[in-house]
Amino acid sequence: MTSSPATLAPPARRGPTARTRRSPRRHDVWLGIAGVAIVLGVAETLSRTGIVNPAFLPPVTEMYAKLFELLGEGDFWHALGLTVRGWAIGLAAAMVLGIVLGFVIGSVPFLRAFTSSTIEFLRPIPSVALIPLVVLLFGTKPQSAFLLVVYAAVWQVLVQVLYGVADVDPVARDTARSYRFGPLRIARSVIYPTALPYIMTGFRLAAAVALILEITAELVIGVPGLGREIGVAQSSAAYAETYALVIVVGLIGVAVNLLARLVERKALWWHPSVRSEHS
Amino acid sequence: MNVAGLARRTLMVLGLPVILLAAWWIASAGSTSPFWPPLSKIVATFPDVWTWDRIVEDVFPSLARLGIGFAIAVVVGVSLGTAIGLMPRLRALSEPVLEFFRAIPPPVMVPIIAIFAGYTGWLGKIITIALGCLWPILLNTVEGVRGLEPVLGDTAKSYHLSPWRRFVFVVLPGASPRIFAGARQALSIGVILMVISELFGANAGIGAAIVQFQRSFAIPQMWTGIIVLGLIGVLLAALFKAVENRMLAWYLGQRQIERGE
Amino acid sequence: MSFTTPLVARLTEQSPADAPRDEAVALDLRGVQKTYDTPGRPQVEAIRHLDFSIRKGELVCVVGPSGAGKTTLLRSIAGLLELTAGEVVLDGKAVTGPPLGMAVVFQEYGRSLFPWMTVRQNIELPLKEKGLDKAARREKVNRALEEVGLTEAADQHPWQLSGGMQQRVAIARAIAFEPSVLLMDEPFAAVDAQTRAELEDLVRSLWKHLGVTVLFVTHDIDEAVYLGERVIVLSNRPTVLMEDVIVDLPTERDQLTTRSHPHFGELRGHVYSLIQRAKRGDRPDAPLPGA
């Protein structure tokens, strides 16, 4: 280690003290499993002892028995497939639309200024306001869900891409210009890498929102999919099945979140910054 | 020059909205399609539909349910989130469970809540809104509390701040940027749930009104309802922003300085 | 490997740890030892053995090579870390948690001030905890602000101030608390050289006319010799005392004359060579195997 004659380098970080704050991981995993077990156990007990009416809250074991029963039914898998397909198509369309619009609007200062008030105004309009309209247009066809999903998800992507493009270091941009990079090359080698983490954040947020709207459309409008199955099960008082389906939807949600985080990490493994989201 | 600057700014802010509205007006002017009535007709219908009585009967109750549900979510989310954020053991214990509940799309809780609370009165709707708003607030509070600058914690300890003062003057303000981020997500989910909760069970409210128009093919009226819902969304977002700007003035100022350098 | 006998000999001759433990002692470290023992991680022996004491009204600097456990030591004294063995005694009472008679100025000035409060509120908060009424608080805050020359900035937020001014706020907060011992953890490591010189003089003058006991941890040898009445030199990890150097420079010090004083040069050279030896793993107890 080299240092100036009378000054020693200060410690960059508090080594040991910072380390002691974090408890080891394996321990956490066991605690997490214990937490899940506690919740399941409490729910089971509440139902079995009749503290909560078992007609309303069937024992967890019954929910899971029903769930395994469902896993053997073709209809269930069909509904699951429709839900996932609707989610994926809507999300993909929102990503493409959001990224293209974001890059175009973000890279042209005039467009950026000209559209900002409109974006600020349109963004908070709740997507569900469109439900009556899509029902009129498409009824219970998947297009109804598609429109709602795209409308809700595209803002998440667009706004993040706009942040990302605005975050481009002006010096980097000027450097690229002074080397006479063409606009496409600037977009590819300067703007895109800066915006990528933002795009990934947008993807993560959009993935969750898209699932919410897909399920909502199924549940509320009656677009075929798991959401509709839940509605049907509940109104026919098949409560164990209702819970089983809700658990499935929750697990899909967890899978979507994990997938989005995985994609984010894969795409950003090179990226030095750990960004916090400001949506 | 100042006048020119102001004119330019006005043009920038109002330009596109005016163009879009004009385009809608012109494009729909001769429309005979039942789904796309002329904008002129929608505007003309507006005062007939949204009378003061209807606002009192439909809009206010909807907003009241949203307000109550959201407030419950804030109180529960912030207090529970602080406890979990401060106790690593508790966090490890609850994390997978919370991840699961957060991942459930909130509207599917409607049938479950309907099983318990029924869905004709206010109770089921408020629970729906509160439960949907809870997760983003709770999880962001946990992150905010966990991300609190450790030096600030040490400072609070070495100056002997009591747990209550530590909570009010250190933990809560320190976590507030994240709490606000969570509350903003929660608000948009809350508006969605406010509408959806009114689609189940015969009930009054703005969401119910819009669907009623649609079912009775009162299309221009339905359009006015969509516009009102949009306006509510925009107004709530503006209100939220105003509160945030006030409460987080220190944070926004600090960030601006950090970025300026 | 080298023999360290002469050093140990000098250590026992000079060490003020042998001084009688009477009422004049403000802070006393007795056999302090700290080992980080986190399950699932290798043990880290940070401090092996430290014994020294600081008399009331003394200004003592602690220096050591990087990684010498300076921050660990300070946090232990401040009651923010639990000791593995030994004890820290403040005003005759063993420290178990953060003691009331102590105030800490942290290195990370920007992060030790509450950004959501104004300068005044930052200084006032600990006083509220002390149960002082509004008038008394106001008076103490104003006096502290005056001491550090920040009266005008009272209603600004910390992040609106420069780094040096922020550290002044932290110092004002500490002195308004009226501690019997003021701990400073590399407080000027992150400010520019000019500001640093000003702040050093501020610490000297506050120390002189407030009569507060100061323990000042630093990695800067010049700073330690310039500020301290004594300089405690630490070994590399696991930390023991290298030497307790008495700084017999005149009490009136200023940046120009003191630093060009020949004796200042000697002391500085002496401490520097100690640190260099400490970095090589030369220690008074036993040389590290393979060091």
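Order of writing sets the labels: A, B and C. Residues in every chain begin at 1.
Quick note on the criterion: a residue touches a chain if its C-beta (ideal position, glycine included) is under 8 Å from a C-beta of that chain, and two chains touch if they have at least 3 such contacts.
It should be emphasised that the depicted structure is a prediction, and the values quoted were computed from it without experimental measurement.
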A-B against B-C, pair bridged by the larger set of C-beta contacts: A-B
Farthest-lying chain, centroid of Cα atoms versus that of chain B: C
Whole-Å gap between the CA centroids of chain B and chain C: 50
Rounded Å distance, chain A centre to chain B centre (Cα mean): 18
Per-residue multi-chain contacts in chain C, two or more chains: 75
For chain A, residues that touch 2 or more chains besides their own: 27
Complex contacts: residues of chain B adjacent to chain C: 149, 151-152, 154-155, 157-162, 165, 169-170, 173-174, 176, 250-251, 253-254, 257-258
Residues of chain B that touch chain A when the two form their complex: 12-17, 20, 35, 88-89, 92-97, 99-112, 114-116, 150, 181, 184-185, 188-189, 191-192, 195-196, 199, 207, 210-211, 213-214, 219, 222, 225-226, 229-230, 233-234, 236-237
Footprint of chain B on chain A - complex, ascending: 18, 21, 23, 27-28, 31-36, 38-39, 56-57, 113-118, 121, 123-133, 135-137, 208, 211-212, 215-216, 219-220, 227, 230-231, 233-235, 239, 242-243, 245-246, 249-254, 256-257, 277-279
Residues of chain C defined as touching chain B within the complex: 75, 78-80, 97-98, 100, 102-104, 106, 108, 111-112, 114-117, 125-126, 128-129, 157, 159-160, 173, 177
